[in-house]
Structure formats: structure tokens, C-alpha cells
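Let me begin by handing over the structure; questions about it come next.
The first chain written gets the first letter, and so on, giving A, B, C and D; residue counts start at 1 in each chain.
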Amino acid sequence: MTKDQPIRLGMVGGGKDAFIGAVHRISARMDGEYELVAGALSSTPQKSRESGEALGLSQDRIYDDYKAMAIREARLKQGIDAVSIVTPNHMHAGVAREFLKRGIHVICDKPLTSTLPDARKLVKAAESSKALFILTHNYTGYPMVRQAREMIAAGDLGDIRVVQVEYPQDWLTEAEENQDNKQAEWRTDPARSGVGGCVGDIGTHAFNLVSFVTGLETESLSADLQSFVPGRRLDDNVHVMLRFKGGARGMLWTSQVAPGNENALKFRVYGSKGGLEWAQEDPNYLWYTPFGQPKRLLTRAGNGASASFAHLTRIPGGHPEGYLEAFANIYTEAARAIRARKAGQPVPEDVHFPSVVDGLKGVQFIDACVRSSKRNAAWVGL
Amino acid sequence: MTKDQPIRLGMVGGGKDAFIGAVHRISARMDGEYELVAGALSSTPQKSRESGEALGLSQDRIYDDYKAMAIREARLKQGIDAVSIVTPNHMHAGVAREFLKRGIHVICDKPLTSTLPDARKLVKAAESSKALFILTHNYTGYPMVRQAREMIAAGDLGDIRVVQVEYPQDWLTEAEENQDNKQAEWRTDPARSGVGGCVGDIGTHAFNLVSFVTGLETESLSADLQSFVPGRRLDDNVHVMLRFKGGARGMLWTSQVAPGNENALKFRVYGSKGGLEWAQEDPNYLWYTPFGQPKRLLTRAGNGASASFAHLTRIPGGHPEGYLEAFANIYTEAARAIRARKAGQPVPEDVHFPSVVDGLKGVQFIDACVRSSKRNAAWVGL
Amino acid sequence: MTKDQPIRLGMVGGGKDAFIGAVHRISARMDGEYELVAGALSSTPQKSRESGEALGLSQDRIYDDYKAMAIREARLKQGIDAVSIVTPNHMHAGVAREFLKRGIHVICDKPLTSTLPDARKLVKAAESSKALFILTHNYTGYPMVRQAREMIAAGDLGDIRVVQVEYPQDWLTEAEENQDNKQAEWRTDPARSGVGGCVGDIGTHAFNLVSFVTGLETESLSADLQSFVPGRRLDDNVHVMLRFKGGARGMLWTSQVAPGNENALKFRVYGSKGGLEWAQEDPNYLWYTPFGQPKRLLTRAGNGASASFAHLTRIPGGHPEGYLEAFANIYTEAARAIRARKAGQPVPEDVHFPSVVDGLKGVQFIDACVRSSKRNAAWVGL
Amino acid sequence: MTKDQPIRLGMVGGGKDAFIGAVHRISARMDGEYELVAGALSSTPQKSRESGEALGLSQDRIYDDYKAMAIREARLKQGIDAVSIVTPNHMHAGVAREFLKRGIHVICDKPLTSTLPDARKLVKAAESSKALFILTHNYTGYPMVRQAREMIAAGDLGDIRVVQVEYPQDWLTEAEENQDNKQAEWRTDPARSGVGGCVGDIGTHAFNLVSFVTGLETESLSADLQSFVPGRRLDDNVHVMLRFKGGARGMLWTSQVAPGNENALKFRVYGSKGGLEWAQEDPNYLWYTPFGQPKRLLTRAGNGASASFAHLTRIPGGHPEGYLEAFANIYTEAARAIRARKAGQPVPEDVHFPSVVDGLKGVQFIDACVRSSKRNAAWVGL
């Protein structure tokens, strides 16, 4: 990899039929910063091979096994610089450690792990590695999310008082996991997803997002989890009250049984001087109300948009960007960090990507929600 | 009062500068069902007199004192048939009892009373009176709210699982009560408002609304109340988790410190077969999603509107009705009930207005929220 | 009528089943400024009588004939001060003249007349009468419409360049006039509506609205009218290009065959310094973009609302007002003018209601559209 | 190029600072179907070289001159399969012919050419070439636009009656072309843009879009063009009335001086059985009203989405796609066609991309608008 050459990327998981693998590949490709050159794309060797061929990988860089891939790629002169991990949650920790210990940068899907002990081990592995660890909490990649964070940090809202975040979906309203839907199967299976269902799959996104945007630390929470669909083994609806350090209060609702909601992640933040609202399904808009003044519609790359994020947007205002562009921003920010490392320089200050510690906090959040709910929604510290 | 003559109406409270008194008068007048003929419009005699004259009342029917009014009007041949009570909360009970015991129908603003004992006494008074007691939880008067209720009762949503209701405002973001704003003063004064601030002023509307729409009984709740504005004596932000009989769960958020929200009462109800959404600021719309199908926009008096509520709407679809029309619907439904009583007939089955028992439930809700919050958001039964 | 007594009102037309009659009555009643005391509510004597009785009129003030009503009421000591004319269009002129010449103020529905000669005669009659003539172009009564007008007059948009106005409906998508729908029958009948169908029924509202809001005079227009529904005798879709004095250009579209549109009157005005958008179905909002800045949401009685129109709004921001309140504003403004006349004072400067001359311009607009369309959309001066 | 290898792509124009060049490159890269290997990226040799190096092209495939590039690449064993032309409009024809005559597929930005004679010549060149010609009217690449087209073709709207299309922007509200803004300079320069300003730059998109969606042929039009900004040499606001073959009527408005509009392309189509609405800034939604039923919100990849376009969407409903994904769809469809050609097969029937003939129609539209406007908006045939 020279300055302008693409970063050589490997992938673990993400074979045929895996929605999120394709998303990672498009995101890596979007800005020309990465080239996919190796993969252990499935735990089933034949599927891994077929998937690798379909993606145009060289035969000798299609692996049956992620460990073999880590070992060999680390030795190759032109081996991968970074690996994307897009397996089910319970495998993240084991896979990541194999690459981290060999100095290969890791870009890992969320949640960090399926158990808290695994998460703690992974934090240690990442901290003792010279490689970077990037968690793809992709919603933090939206420019208007970045702008909300910047405005709050700059005090535009005054002291933050109230945080309302929600992330409802509806695709698990019926027992989809019994209908041969692989996406539903592993997400509702404690062995593969951990103790959290909806709370882990998407609740952790909501939690990460408001932590990122507000900069607030959650002190404690009170959670009420439900499994509404008969036979479902993990939660599918989650109500949480939040108490933040410094006195702000919040609510988090996430559900996968709310008909009429596709992917309706939304936050609203209110302070002593103003309020902000953002909705993922209409991500080019940020609503800002300075207290006592009319509500203003800030648009990505349009009037009211912060110049700080010009490098995270590709086209003028009114030309909508979406989920893939935001996801690509995580990859592209990661590329800046990886290139800086390679050049022996510190990661630039304006690079923000979710870290392994953010990942640990996410797993702690899941764990705290589950523990609180078992204790009748008692307050649980984080 | 003959069949087509207006109902003779008195009013207690609602003098100059009182927002809600004017709303009641317009609502009473809207459909020509009432004529305001008497009033004890202020506890300050001169203000009462001036207000009465400005409204065109006869001199002899402007009273300094509500009790004097109740006594005299009950004796007059053409005395008032009904009285509207629009005083601060703590006076509701005392005033209402004077009229109820004399057989004068009472139309009373919410919340029912400022204390739970007062509420219980008032229920008894109402139950032992031959007069009707109507509580103006006006949001139940919107046609699309009625339609939501009808659809849920008909099973269009299947089993109800999740209820999200919120009622944020922003007008108390700063210490308005210290700025000579009378509306803010009494609403933040425990002596006049009772133990609840925001939770009593508007939280009780939200609670009443979802109870009305879903038909669900709240089993228990966990509430976290805050006063964010320095020096404020009552809550100004309220987070509540709700458990309903039968297993449904819910969340209620209400706030008066959320910049960018004027009067943003909104509910969303999700069941095993579909979802509904309604927002008070855009009240002519009801969003309905049958699970697995596109979201549909049902409009007041338009396509998808139920014929059941044709008598609660005055103009065709696309000609927006608003808050006053919904408020008037409470009055006009009350008129049908009052006329039925007068004629010795039962109240028609399709007449729905919030009752004294609904009012008691509202006060119990306020009380439960305050008690729960004092006990660190412990679950409290209702 | 003393200072605070209601204005005595009569009505011509508006019997049973007439939508617009009820709208006028509610509007007159809304603010307590009028009392309906007399009526010639139908050209069918029995229907007139039944309608009058249902409205609680005294027997001796229910008339079979509007001329008889004008004559007798003018002689009565407590005769009507004003009359509302809500007949089909072709009768407006004849009815109005009978009242005007007897000094009874006229509040008349739009369009002014069904023919241009009639309109001219009526202007003369109004100008030579000491009574006022108020045309209920009710959409000008919305507070946010008033605010748009004020902002444009104040130069907030700079020089006006482009005016886009549209008024689509869908209720005549099929041949409703053959389905025993009286509203559809007279609106599609040249004998009762004049030369314009959709252009007269609603296009004239759109034209009046943008003339009112922008203050621009239309110099010439090019119109293309269509009757899409087989057998329909008048236009049901209208495309117009507009040239205004001073160089601004505009487009007007109105249709009654556009499925998905209930009553979707909307205007957008663009100038060298900013833009404004308003939609009748969501009338509490006005969108304002100062060029180069974020779009702002101005709300009725909320932040950004002009104080000039506080008297035309009854409730706080977030409590939606609608069509009836806007219509009532016309009546209430008219009442201020009528009371001023009665007191021998000039009409207050801040009273705005559509005049007989505005009505003439509306009829000229209809006429010009029809003439232009017949000449293959040639430019026609107004 | 073997079956799964990327198509080798060259680019003419699109050097540094050229917005649309970057858009084409991202679009080509999005689905991994193309690899950029050669370029004549600027008419300034040094800029071309710097731009090529920044994009990682080999030194020997960075050209100073597009003709040299065409000649050499056509001879190379691994020369380019296709070329993207992203120069100013007046160069399209000359550049395209050089590649077409050498059998290199052309992907060309719109409008096709800056003059009608050029357009006609280019059609001949394309028709006599064995290479494909793809015009990037990118808005036709949105899945919901495809769905609208499919629904209309299937008769879901019945007979089309009314077509309303608009494309307002605001970035030329002031004389940006005098502020050293290169994008504004060439777009307002007749030498580089041709006879149309706004009408050519974006009006042609609007025209192409409704032609594509409705399948209607425009019979004649009446246009009124304006240049509102002092000193501007081409139109900046355009009003057009449209008459379609078969009797439908339409309106087209496009403007670059409408403050508050970023890139607000929108169409509405109404027929005897229903209506459709789509807005480019919120492209994942398509509003469908079957006459007499509630409006329905169809969402990309969600409920109500047609299965026909699953291959043109990458992520589930609720995960918004945007402008770049739609643009990429044009490239990816083109890739299918190019691969089919390479394999000696016909272009698959379900591949749709704007053709050179569509491009000619666009130039005819511009020409007709300009001619009509010069003749006082006379009707001009197409």
C-alpha cells in the first residue's frame, strides 16, 4: 500500500445471502479506499469458495478458515492490511483476536460480542495490539449525526436535559424465525446472539448513537424487556429509562414488533437552549430549534450544514445520500486512520470511529438491560 | 329548554386573560347547542363583573361567588341547565359539588381535582347526583381519535402489544413562572395544581387519551419525574413505563422543557396485526399500517374515514378541522346526553365523553407517578 | 345592535344539505359576533320553512322569497343588519342588489357572479350602496396567509419573481354529477355556475389567494382548460401561465380530477431574497427560506408568528386551527367593519376582507381563462 | 474482461473540481462492475495528468487528448471497453463519435448535446456503431421511479390525464456566475451550454423523467422562459404547458432561482383510476392513491414495492438509498447490456437505460421551449 493505493482488505463472514457482508463491501469500495483481496466468507468451506469466486478473489486467497487466513495473510508480502468481520455476534471476539495479534487492522460489525467476558477480552486484545479496531456503528457515519454532535459539544443546546431515542422495526411481528428466514433465525437464537435479542441487534445502535451524539455517559438504567411473539426466545420489545451523569434523563425504546416501522431509528435531544431531532430514514435533514425561535431545517451539504463534515459527503444538498454513504464514511474514516498508522503518524484528531471501548459499552448496555429487566426493571449501573 | 333551544349554560372561572375559558365558550357556541347566560367568572368580584359584561351577560346573572350562582340559578325558572367549570384545578371539586347537588349538569376542565381525596369525594357527589358530569379531556373529541378507538375495538390491530404516547411542550423551558405569566404561575404552584406539574397539566391528557383509544387498563407504572428548571417547584419532565392488564407494555413521555415542541401530543399503538399513529398537531390524519402492507393515510371525512363519526365533523375532507372543533365535539356530545336526560331517556349508546371516573383515574395516575418517582421509580399499582 | 350585542344576520340559501350554508353559520357564530335571526333558505318554500325551523328562527322571519325578506327586514326596527348569500353562483348578483339597495350589508359567497356583466352590475350596486360588501374568499382568512402577505409587503422576499399556485381536488374524478350528488350537479351545470367549472369553483380561490398574498396584478394569462370526464359540460382541469405587472411570472394549476388530493390549495412565492410556502391542508405552518439560510417553520401563534394577527387566532401554537376558524376570521373582520360603519367611523385600516372589486377580478379571471383556452391558450389581458 | 471481471472504463472530462465526474466514478464503482483504467480528464494537459495520478491511473493511460485516448485504447489488447463522457455539453457529440466509431461503448452525461444538429449527428453515429450508447438521465435509475413506470404501464392509474412535473433549485438566485463559480459559469454560458440554461441543465431531466414514467409522447408545448437575474445570458426560470398524444395534459416548471429548493425534482401523475407522487429528495417513497381509497406509502424494498426492481436496490426497506445508488443503477444496467453484447447476446429485455434517441428528444425539448418562448409561448410541435 502506497499513499494512494487502496488498502488491501480481507473479509470473514459475509458469504452469499448475508445482507451485511454486501453492505461492508460496497462501503469499502465507495470511495476507492479499499480493495477486497482475501476472504474466509463462510464457515462452510464450499460456500466460502463459491462466494469468494463470485467476488473475483484469487483462488489462493479464498480460505476455508479464518485462522488460516490470518496466519497466511500476515506472512504475505502483499497480505491484507485490514480485515472486515461480519460473522454472527458470538464469533466476533475469537476472529478479531487472531487478526489483532498479527497486527492486521480490524473492522468489526456490531455488537462487539455476544457476552460481556468476551467483550472484555477483546478490549484487552485490541489495546495490546498495534493494529486499529473499528466497530461499524454505522449510524454515527451520517453527516447530520456528526453535525448534531458538533452542535451539542459547542453548547448550541445549552445543558442537555432530555434525550429521547427510539429504534422500532416491524419485521419480527410474526414468528419469522420459524419461516426459514436465516436473518431472523440467528438474531433470535441466544447461542449466536447472546442474551439480547432486539436490544442487542438494534437497541445497541440506539444507545451508541445517543452516547456519540450527546457525549453523555449513562449512569444507570431501568429496563423492561418483552418477548411478544409466542415461542420467541429473546426480547422483541424494549423499554428503557436512562439516567445520565450530570443529571440528564432519557428514554430508549426499541422494538421489532411495531408494524409500520421499517428501520425507524430516531433521536431527539433537548437542552436549556434548544432542541435537535434526526431520523435515520430521512437522514439528510436535521431539525434544530433554538429556544424561542422557529424550527430550522438543516440539510446535508446545504444551508446550515457545518463545513466540518464536507469530507463526509459526496454530492450537493438536495441530492440525497443514504445508509450506504454513511456506512462508507466509517470505512473512509478508518482508511484515514490506517494510512496515518502506516505512515507512523497519529490518527488525525478529526477522525471519529466507534472504538472497541464503545463496543464494550454497548455490550454492557445489553447486559445491564437484561439484568435490570430480570429484576423487575430495577436501576442498574453501567 | 325545548328540543331545539340552546342549553342554558353558566360558567365558573374563565374571566379575562384565562385562555381555557374562551376555549370552552367557543366550543359551547360552535354547534349552536348552548347559550351562555350566567357566570361567576373570577374570584375577584370586579373582574367577574367586567368579564361578564364583556360577554354580554345580564347584570343579574353575573355573580361574585359560584355558590351564590348555584343557589340562585337552581331556583330560577329559566336557570342554567349546565355549568362549565374552568377554575384552577384545586377548586374543581368544591365548585362541582355545589352544582351537582342542585341537579345542574357539570362540564369540568381537567384534571378532575388537585388531590386524590378530593377526586374520590367528587366521584361520590357525581354518582349521587341526577345531573351528568362531563370532564373535558378534549383530545378524545378528535374524529380520528374516535376512529382509532373504533378500529382497535374492532380488532384491526390484533392483540395490542405496545403503546407509545408522548406529550412534549417547550413553553416552560425557562422560568416563565417568574416572568409574571399567570398561566405558568398556577401550573407550577403546588397549592393550586396539586402534587403534579407537567404530569398533571398535560401528562394526564396523554394517559387519558391512550386509555380511551386502546381500552386498556393500566396495571402498574414506573415513573421518573424531574424539575429541570432551577427553582421550579413541580415536575417539568416525566418518563413513565406502563404495564397494562393483559400484558401490553407502554411508555409515556411528557415534558414542558423540550424546545421545538408546541403541543406535540402523539400516540402510536402496535398490535399483532397492525399499527396506528396519530399526532394532535396534524389531527386530520391517522396513519394505519396493516402488518405486511403499505402504510395508509386515513383522513377525517375522507377516504378510509369511519362513517361512525360523521356527526363529529362539520366539513369535507381536506378542509382541516382543529382543536376547537374537537373541543366542541365534547360539548356537543354532552348536549346530546343532557337533552336525553331532560327527555327522561338514557344517554345514547354512541355518546362518549370522559366521565368523573375517568377523571379519578387521571388523578390516580398523577398520584401514582409522583409516588413511584419518590421511590426511585418503583412499580406502583393503579 | 349596541356595541357588544351580536350583529343581526339573515341568510339567503343554505338550507338543508347545503354544505356551505352550515359553514357560514358556524363562522358567524364562532366569535359571538352575529346572531342568525332571519332566512330565505331555499327557493322551495317548504324546504325554506323546514330549514328555518330546524335553525330555531321565528316563524315570521322565515321567508319564502329573498326579495320579500329584504323588503320586510329593511322595515323592521330590529331587522337584520347583514345578510349572508350562499346560493348557487348565478343568483348572487340579483340577491345582493336587493339587500344593498336597502342598506343591508352583504356577505356573499364566491365567485361573485356567474357572468361578467352581472359582476359589473354588482360592483356598481355595491359602490352606490352605503352598505358594505364582503366576499368570502375564506382562504385569505388564515393567519399564516395574512403573515405571508405582510412579509412580502415588507420586502422579506425581495422582488417577487415566481408564483406557483395550485388547487387540486379529486372528488370529480368520475361523473359524480350523474350520481344524484347535488354539489356536483350545480357545479358542472353552465346554467348555474357560468362558463367556468373547476376554474370558477376553486381556480378563482387560487387566483384570489395569490393576488392577495403577493399584491401583484395579473397582466395577462394563457390558459388550457380540459374536461376529462366523458360527458362533463364544464372544465375539470385547468393549466394557466401568468404574467404579472412588474415582470413576475407564475403558474396556476387547478383540477377536480387528481386522485389523492382532497382540497390541496397551496402557494409558493419566490423572490430575489427568499421564498415562502403554504398549504391549506396544513394551515398552521408557513415555510420561510431567506436565501442562503436554512428553511424555517413559522407556526400560527408560535415562534416566528407576526403579532399583527393575534386577533385572528384564538388558541396557542400547537393547538391547530382550521378551515372554520379562517372562515370565521372573514366574518369577524367583517363585524369590525360593520360596527365601525354603524358608529359612523371609517373601516379600521387593519381590517382586510375580499371586496366586490376582488370579486370582479375573480370573474374576469374565469372569463379570461375560458377565452384564452378557446383561442388555443393565447395570451389574454385581464 | 471475462464474465466476472470488471468492465474496463475510461473517462473524458471529470478532472479536479468537477462534481459530476466524481459522481460517475462512484457510480461505476458501487457494484464492482467497472474499473477505471484510463482518462483524458481535462482539456488542460497538466490538470489532466494531476487528476489521473490522484485517481491512481497508470502514467501511460493518462491522456492529454480524448482523441489520442480513443485511438490508442482501441488498439490496446486490454484497452477500455467503455468510456464515460462528463465534459461540458458542447463537447459531448465530438467526443462520443470518436469512441463510438471505434466500437467503444459510451456512457454520456446529459443533455446529449448543446445543439440540435449535433444531437442528430450523434444519433446517426450511435446507430451506425456496434457499441452501445447510454445517456445518464440518472433520475430514471431510482427504484421507485421504475415502479411508478411499471404501475402506469400496468394500468393502475387508468387513462393518464394530468402530469405535473417540477424541478426547482435555488443556487442561481444571485449572479453566482460572476463569483468565480465554475459550475455556474459554464451552465450560464451559451457557448458551452447551448440555447438553454435552466431548461437544458435540469428541465431536460424533468422532461425525460415524465416521459420515462408515463410512456407518453409530447405532442406540443407552450413555454415561457425568463432570466430573472440581471445580466444572466440564459434562462433561469421556465414555465411549460404540455400536450401529450392521446389527450393528456401537463405542466412543467423548472427554476434555479427558487429559494428554499435544493434539488426538488418531483412528479405527480393522475389518471382515471388513481394518482402517483414522487419526490427526488425523498426518493425511497412513492405515494399511490387508488381513486376512492386512502393514500398509500409504498417504500423502496418495503411493503408495496415491486419485486421487479429487487436487483436495483441493495439494502432492506428503511435503510435509505439515494442519488448515488440511483446513478449506479444506470451504470449497473449498462454493465448488463455491455456484458450481453460482449457475449454476442441481445440486451436483456428488462434492462432500461436512457438511449441516444431519448437524448435527442431532450435536445428537441430544449429547442422547442426556446422557440416557443421566443414566439410568445406559441404552441410548438416536438
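Convention: contacts are C-beta pairs under 8 Å (C-beta built on N, C-alpha and C of every residue); 3 or more make two chains touch, one makes a residue touch a chain.
This one's a predicted model, so the numbers in the text were calculated from it and none came from an experiment.
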For chain A and chain D, chains touching each: B, C
Given chain B and chain C, the chains that contact each of them: A, D
From the options C-D, A-C or B-C, the pair that copies A-D, where over half of the contact pairs coincide: B-C
Centroid distance [mean C-alpha coordinates] between chain D and chain B, Å: 55
Whole-Å gap separating chain A and chain B, where each centre is the average of the chain's CA atoms: 44
Residue list for chain B, restricted to those that touch at least two other chains: 261, 288-289, 292, 295, 299, 302
In the complex with chain C, residue positions of chain B that touch it: 4-6, 19, 22-23, 25-26, 29-32, 53-56, 169, 171, 261-264, 280-284, 299, 302, 314-325
In the complex, chain D residues that touch chain B: 288-289, 292-299, 302-304
Chain A-facing residues of chain B, complex: 157, 161-162, 164, 166, 170, 173-174, 222, 224, 226, 228, 237, 239, 241, 243, 249-251, 253, 255, 257-261, 268, 270-275, 277, 287-292, 295, 376-377, 379
